[in-house]
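You will see subunit A twice below: alongside subunit B first, and alongside subunit C after that.
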Partner chain A sequence: MNKTILIADDSESIRQLVSATLESSGYSVLVSVDGEDALTYLDGSIIDLVITDLNMPKLDGIGVVKGIREKEQYKFIPVLMLTTESQASKKEAAKKAGATGWIVKPFVEDKLLAVVKKVLR
Partner chain B sequence: MDSYQEHYLIEATELISNLENALLVLEKTPDDKSQVEEVFRIMHTLKGGAGMFGFQKIEELTHYLENIYDLIRDNKLATTAQILDVTLSTVDHLTALLYDAECKEEINKENHARIKNEIDIIVKAIGITEATAERTHSQKEVVSNASALYHIVFKPNKEIFANGTNPLFIVEDLLALGDGRAFARTTRIPPFDKINPEKCFVYWDLLIFTGTPVEEIKDVFIFIEDQCEIAVNKVCAFNIFENNQIDLKLFENPKTFNSYLVEIASRAPKKKTEDHINKKSELSGNTGVVASTDDDLDMGNPKERIKNISSIRVASDKLDDLMNLVSELVTTQAGLSLYSEQNPDRRLEVFSENIEKLTRQLRDTAFSMTLIPINHLFQRFKRLVRDVSLQLNKEIDLVIKGGETELDKTIIEALADPLMHILRNSLDHGLEHEDERISAGKNKTGTVTISAYYSGANVHIQIKDDGKGIDQEKIRAKAIEKGLIGKHDKLNKAEILDLIFAPGLSTAAQITDVSGRGVGMDVVRKNVTNLRGEILVDSEVGKGSVVEIILPLTLSIIDGLLVQLEHTKYVIPLEVVEKCHELNAGELQENINQLVTLDGKQVPFLDLREAFDADKNTAPELTQIIVVHKNHKRVGICVDTIIGEYQAVLKPVGKYYRNQEFISGATILGDGTIALVLDTNKIIEQSIGQKIVAL
Partner chain C sequence: MAQINDKINEEFSIAIGQLLDGIMLANNNIDELIKISAEDFLRWTSHIKAFHKFINGLAHDSNKPLLNDNLSLMVKDLQFHDIISQKLRHIQSVFSTLKTEFKQLLNGDITIDKALYVYAFPDILLLDRALFDFIIEEYKTSTENLKQELSNLWKEEKIRDLLKSEVLVMSRKSEFYTLAVQVSNCLANLNTLATPMLLREKNILRRDQVLDKVKKGFTMRSERMIYNQVFKKGNDENETVDIDLF
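This part shows the complex of A and B:
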């Protein structure tokens, strides 16, 4: 059974890059375009990992983490944040909300896969 | 990566235009924090992608801007006109950088330097030193380190599961660094009835012999450093596990752990070559992680959970291909319908009718896909209005209505220039200066309204201003001066106003930068006409003017009226057809000034037989006259027979036929023959033009 990763990013090109990278390594990818959209996926289906952008319209990445942690079923799933270096302060906020880790943009595909593998083993 | 880069280009273009709009809104409401947030967010998305897809210069500039807007967001800085100006010019420059990522072109280089300088000035004024300083991507230097044995205590907080972290993974990562052992400590685990399965009670003592420096060992904890207690201590410089004589049991017991460790560390190591040890630790370092991830790579059935995304992006080439195929299908279907008519067969007829129905639906669906909201275009005008209002020192409000109205994308692209021109005219010549407006009792802010709406198979676009209006007398005088009309010609208001579209007519006393020399309204009409559209103007002195453009929804397939002249068939676009009349051929021939009275009104007419040099002897007794209209004008077109309605797929005529007067295209009929599509616009212009001269 390959693992399912939910990604949330408002940038289409990043979404495509991330999902193509993950899919090429055999993961199933669910795609959402903003925070609100991401939370609609938490409907009982199995999600093994969430990778979310920090800055998104409607609901930002921190909101996504909070939303995930509020749900019994998804309370303990890993959530990775995609951040840029300039947002160190937000990183703290995200962690406080319950984020598992982060990937710094710009990232290399291999790095992304390495981190994903790590949290998903 | 290249295809992603392409996607980024499209996305960035959108982001830049969104950013521009957000900035324009911000300019109006500089204290609106949510708008600052929006600006910041768009910049941020732009920057994130730029870094990913190799647009370093864009990344750099957006980074600087982001710093500035971050300060605004935190109330440390106010939104000033200067900042907005610099931001807007940066935004313009970003577009250039999308196509010149390395900033190699001279002009871009200059702009880049200038903009950086401008940002610098702002930054210096507010005293952040960091903003434009060259950013160095921090790359930790790998210091080669002698291997050593480390004692690591890893005590995760009890709440660590709530962050989605599995502490066992951390232990695994640590063990992967070298040769090591982990000893789980269970002393914190409460009695069974007090156990909360959502909390972590276990912690670990680890002994690892590794060449990894302490800093990198700590990197393992990077995500959770504040959610656990960590201690990393160097014990000794040799690998105790090489020595088979250690008693792991003494390590397993927390009470004996420390004393035993001291004892072991004090033993002298057996001689071993460093190389061998290093190699070993490297090896285990590489394999440690991968080994346990096999099931991740297991390609099982792809999980079926596809969520509908509200829209997808399709290359416009593909849409064009689709439209071409649909056009072919429409043509083929016409052939099938004809065949079924000629060869009566019940079942064939049913098939043919169904296919006709499906083709029509497919055509409509495919059409709707090529339509995009005209807002794409309207949004661009906001910036234009802002710049022009500054330049002219007029206060101008731009109101946009019906931006969601959809039009064929090729039409929208072709409309950009004409609309821009009309708008500039309104801003420059239409709207008065503030003092003039106040003395005329008007609001000092001028308003220009652009609106779009559907009407039948057409889209209407209006540009309306509340300026001084067009002086008919001035136009009339000018037109007489230029010889466009005679001194004694009697023209009604619509006809006079229509003269602004005549070549070479300019009423502006002053030539300005903004709207140019007044040449161009004729070009505007030409552009619109090329789109099979029409353009009208209405105006009232002192109150304002309105220019209206009426366009077909799409360009490639039209509903037409199929007519015949001798053996040739022609198509007249149905939308311009007003009424069909039947007359005795004789009535027309006796008519000298090419006017015919229909329904009590005189209408100029064009006898196609005459125009196309048809054989006079084959003329039928009854002639059909089709009244077509455009721009308030009506003309009758005489043909032999009317066949009926026809869905015509428009094909351009070859280049040798481009300059003729009557034909705008061709279409293939069901039986494979060709029908020419009459260009009623040109026919009307010609007949009316001749009339004016003749008067």
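This part shows the complex of A and C:
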């Protein structure tokens, strides 16, 4: 069965580019436009991985990670941060909140797919 | 003495009013720049799924790896839409704070000794111009790369069929450059206007506080790099690597 990946990003172009990259490798993709929207998908649906932006309106990526870790069903799913932010302090905050990994934009397709494959193993 | 003070106050109000107008003009032009770049970049982003589908469907002939590499480069270059928009919004965010403070000064809600951002205004303009030059360069590089990458795809007959209604250019590129030059000139004019007034009003401590806040608003390595270059600071040590699994 295809793995399902939830994307959270307020940028339309990034949502489209990440979706296209993942779908071309056979993943099913769910798309959310901000952090709050992302958490509405945690309703019992099967989600194997979340890829979230850091700076988003309504709820940021750290809030998304915390929200995911609070739900029993999703407590251990991998969460990757995909962000333009490159400050180590922000990365540490994400790590502390329970994120699995950190990818700085612009992403390279092959590298993103390699990380996705690795965390879904 | 009272007359001299009145004259200084009047001159100050006029200068603040002019600066406020200039900031608003630059802000509006930046809004337009964000819209223009979005239109061009999103037009091509919307085709990426179809390009992937087409390339995935190809037999493993000699062209497939090349087309895949080309598409991968395109995906990277298209992300500069988001990066450029974010950088422009960071410039706007500082303008927005400046606007609020200038309005407060103009309305007499605060006096100059209570102001903060006004003391860093020439430095902010200097930084913004450097950021702006960098943004224009990023736009130029990414759009030129995209043009080349699209031309490579265009060699495939099925891609041409897929894109028959599209023109192979970033159609609003010249508008972007024209407007970008206008914003850059506007920032230069603001600097000329602001300098005589602000030479009188110096507060190094507040200036440094403001610049520190401005830097904290930057999310990208390249923004902090430009900041460090403009203000002759050393490189930041706490930058992260591009991919890290915890």
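Following the convention adopted for this analysis, the second predicted complex is superposed on the first by the 118 of 121 C-alpha atoms of A that agree within 3 Å, B and C clash if a C-alpha of one lies under 4 Å from a C-alpha of the other, contacts with A are read in each partner's own complex, and residues count from 1 in each chain.
Following the convention adopted for this analysis, contacts are C-beta pairs under 8 Å (C-beta built on N, C-alpha and C of every residue); 3 or more make two chains touch, one makes a residue touch a chain.
Note that the structure is predicted; figures quoted are calculated from it, not measured.
Novice: Report clash or fit for the pair subunit B and subunit C bound to subunit A in the combined superposed model.
Specialist: Aligned through their shared chain, the two binders clash on subunit A.
Novice: First (subunit B), second (subunit C), both or neither: which does A:111 touch?
Specialist: A:111 contacts subunit C only, not subunit B.
Novice: For A:19, is the partner it touches subunit B (first), subunit C (second), both, or none of the two (neither)?
Specialist: second
Novice: Can A:103 be said to touch subunit B (first), subunit C (second), both, or neither?
Specialist: After superposition on chain A, A:103 lies in contact with subunit C alone.
Novice: Regarding the shared-chain residue A:121, is it in contact with subunit B (first), subunit C (second), both, or neither?
Specialist: Once the two structures are laid over each other on A, A:121 reaches subunit B alone.
Novice: In the overlaid three-chain picture, which partner chain does A:79 touch, first (subunit B) or second (subunit C), both, or neither?
Specialist: A:79 sits against subunit B, while subunit C stays out of touch.
Novice: Does the superposition put A:11 against subunit B (first), subunit C (second), both, or neither?
Specialist: Both partners, subunit B and subunit C.
Novice: Hey, is it subunit B or subunit C that touches more of subunit A?
Specialist: B
Novice: Let me test your reading of the model: by the given contact rule, A:30 touches which partner, first (subunit B), second (subunit C), both or neither?
Specialist: first
Novice: Have a look at 4-12, 58-66 or 130-138 and say which bit of subunit C overlaps subunit B after the superposition.
Specialist: Stretch flagged for C-alpha clashes with subunit B: 130-138.
Novice: Which parts of subunit A are touched by subunit B and by subunit C alike?
Specialist: Dual-contact residues (subunit A): 11-14, 16-17, 20, 55, 84-86, 95, 99-102, 105-107, 118-119.
Novice: Applying the document's contact rule, which stretches of subunit A touch subunit C when the two form their complex?
Specialist: 11-14, 16-17, 19-21, 23-24, 54-55, 83-91, 95, 99-111, 115, 118-119
Novice: Any idea which subunit B residues touch subunit A in the complex?
Specialist: The contact residues of subunit B facing subunit A are 4, 7-8, 11, 41, 44-45, 47-49, 51-53, 59, 63, 66-67, 70, 138, 161-166, 169, 172-173, 198, 222-223, 226-227, 289, 292-293, 295-300, 302-303, 305, 307, 309, 313.
Novice: In the complex, go through subunit C and note every residue touching subunit A.
Specialist: Those in contact with subunit A are residues 38, 41-42, 45-46, 48-49, 52-53, 56, 71-72, 75-83, 85-86, 219-221, 236, 238-246.
Novice: Name, in rising order, each residue of subunit A that touches subunit B in their complex.
Specialist: It is residues 1-4, 10-14, 16-17, 20, 25-28, 30-33, 40-41, 45, 53, 55-57, 69, 75-79, 82, 84-86, 95, 98-102, 105-107, 114, 117-121 of subunit A that touch subunit B.
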